[in-house]
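Down below are the structures I want you to see.
You will see chain A twice below: alongside chain B first, and alongside chain C after that.
Now for the complex of A and B:
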């Protein structure tokens, strides 16, 4: 289980993370909804070990991650941009984490992952030859192939068009269930949060609010779920009243 | 047609000095109004190729200094520019890197000469090497700033979260990405050292005789054939560089 307690981070005088506390059991996806600049990226990067918190603790299965460098945390950060290694082929990008760990059967594992991602015919292509959605799929495959402890997803589908985004969300759900992925999934899209999350949280001005249930998340007016539902209801009403 | 003429003009402009200095290095008794020298001899070239001639020593010294400056400044420039790119006050550090160029090499040479005298490095090869690094190292630091973009720094972080050590990231990600820039920087800093005169003269106090020092010496002695031969040797590395990159250089014409 990932346990974060009273995580605090400031830049100059601006507080970016304010006593953030959460618990994330194995195989669960916590969807964190929040607007731009609310501290979501800082939270994920701090958990990944890429930023140092001013105070608070991050524990995995009871063990402190404080002294662990990013490479030893097994917590992969995935940003909005796929950040593929441009000089490596799709195959080598996906194999990267396995090669780092000197794992056996790299060929077979990568081929299986390519099949899962429906990218078999693109294995030898360079990232520049792929579409945005394909690149994001490669990044996703590269992150989960060695089964990390936690996936830290920072609005991973935000730069994709609606159709590709929907197919990526389905792919994520399928693979998250298959591999029992534990993930912190940050998004500013209400629908995406509802679709992806097993648990829900809302972040504003560095403060994280965890909800006890999906209903509680939907009922809270600050999350904007009710506004979203009202909008779609009004559209539905308009359509049904058309002559 | 126009492209061919332009290529011919450019090739002539590059080759003509070689032809002229080549002729001067083998010619003897070349007086006005003769179009060609009255006698030809390979004595200067034989002197270069055989025995411990001044030119041979100078050529070797220039190559060693050039390689030393190129390797040290490229490696140090790559590493330090990364630290500057990640630093909180990036621009302050970069300002320091511009300092030697703002002062001009001659003024810089006068300023640092006392330090080299006090440390006993004046007139020594190590002193000249350090002196040339004062110019080549900041050049490399500024040069690599374009490489350490936000994207590259993010790729480095990505590699770390995927479990890679700093060394693995360097080998598998950073060096392959930086390879073209590393090569260019290596050649450029080699050429900075290869052509350097002011700092070398000041710090070397005439004892460290690199090829540019020797050219000026021969010119002052009115030894035109030796000066021509030394000039040919100086022009060789950039000519090789041009030759290896001819595809790119002549393509845009």
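Now for the complex of A and C:
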């Protein structure tokens, strides 16, 4: 289980994380909804060890991660930009984490992952030869192939078109269930949060509010779920009342 | 845009292309053809009709092939050393290159012409030069003449050093720009996040990315060193000559019958460079 307690971070005088506390059991996806600049990225980067918090603790299975450098945390941060290694093929990009760990059966594992991602025929291509959606799939495969403890997804599908985004969401759900991925999934899209999350949270001005259930998340007016529902209901109403 | 405007635009493009061909391509191709004609006895004051004699003389003497091999050795050594030094500076002095005195000092050697750099290296490394006097002053050698020959030497140490001093700032700025353009800072975070250490990132990601991106520029700089003239003329060996020095010597000799050989050497060298460029660029495109 991932446990975060009273995480605090300020940039100069601006508080970005304000006493953030959460618990995330194994194999669960916490969807964090929030607008730009609310501190979501800082939260994920701090958990990954890429930023140092001013106060608070991050624990995995009861063990403190404070002294663990990012490369030993096995908490992989995945951003909106796929950030693939430009000179490596799709195959080698996905194999990177396995090769670093000197794991066995790299060939077989990568081939399986390529199949999962439906990228078999692109295995030897360079990132520059892929579409945006394909690059994001490679980045996703590269992040999960060595089964990290936690996957930290920072609006990973935000730059994709609606159709590609929907297929990536389905791919994520399928693989998250198959590999029992524990993930913090940050998004500003209400629908995406509802679709992806097992648990729900809302972040504003560095403060994280965890909801006890999906219903509670939808009922809270600050999350914007009700506004979204009202909007679609009004559209539905208009369509049904058409002459 | 109307059809007449489009026509005007395409006409303008045609004119610009013609001007480019006239100014950039024609003089080079013309010079090359003239050199070829001269080397085949078809041009020049002492031309006596078509002959392959000058080419046979050049190839049979072995001087051209020796000079070519020596030039390749000098250019390869200079580029290898300069690339290694520039990579080191780019990867381990990133902050200093972005701000502070080093970011300005790096431009200084770029302002020094090749001839002046050759002269500076001569002043530094000759047996009566600065380095020799320092070593003598420290008591490491008993006489200034005991200082090793580092200019006019067979190994071309002085030539290589002069070219390295000129190339390192240029390559460092190039590599630094590539480092930023390719987002290597962010890729380092990704690599670390995936479990790799700093050295793994440098070996597997940073160096290959920089070298792959910079390959065409490195090739062009290699060709520039290959054909360098002033530096080897000033501090090169008498025994081993680089191609440009050998060719110019042929042109400047008292015997006018040597001039066609000078042209043969120049044409052969140009063909070698063109061949090298076409093979390398094809390979780079395939791997790019």
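As a convention for this text, the second predicted complex is superposed on the first by the 243 of 243 C-alpha atoms of A that agree within 3 Å, B and C clash if a C-alpha of one lies under 4 Å from a C-alpha of the other, contacts with A are read in each partner's own complex, and residues count from 1 in each chain.
The rule is simple: contacts are C-beta pairs under 8 Å (C-beta built on N, C-alpha and C of every residue); 3 or more make two chains touch, one makes a residue touch a chain.
These numbers come from a predicted model, not from an experiment.
Three-chain overlay on chain A, with chain B and chain C in a clash.
Of the two partner chains placed by superposition, chain B and chain C are both touched by A:146. Within the superposed three-chain model, A:238 lies out of touch with both chain B and chain C [touch as defined at top].
Look at A:12: by the touch rule set out above, it reaches neither chain B nor chain C. In the overlay built on the shared chain, the residue A:102 is in contact with neither chain B nor chain C.
Within the three-chain overlay, chain C meets chain B in a clash at only one of the listed stretches 6-14, 42-50, 60-68 or 150-158, and that stretch is 150-158. Overlap of the chain B and chain C interfaces on chain A comprises residues 48-50, 69-72, 74-77, 81, 83, 85-87, 96-97, 100-101, 142-143, 146. Chain A contributes residues 48-50, 69-77, 79, 81, 83, 85-87, 96-97, 99-101, 142-143, 146 to its touches with chain B in the complex. Per the touch definition, chain A reaches chain C in the complex via residues 48-50, 69-72, 74-77, 81, 83, 85-87, 96-97, 100-101, 142-143, 146. In the complex of the two chains, the chain C residues touching chain A come out as 182-183, 186-187, 189-197, 200, 205, 208-209, 212. Residues 151, 154-155, 157-165, 168, 172-173, 176-177 of chain B are the ones that touch chain A when the two sit in their complex.
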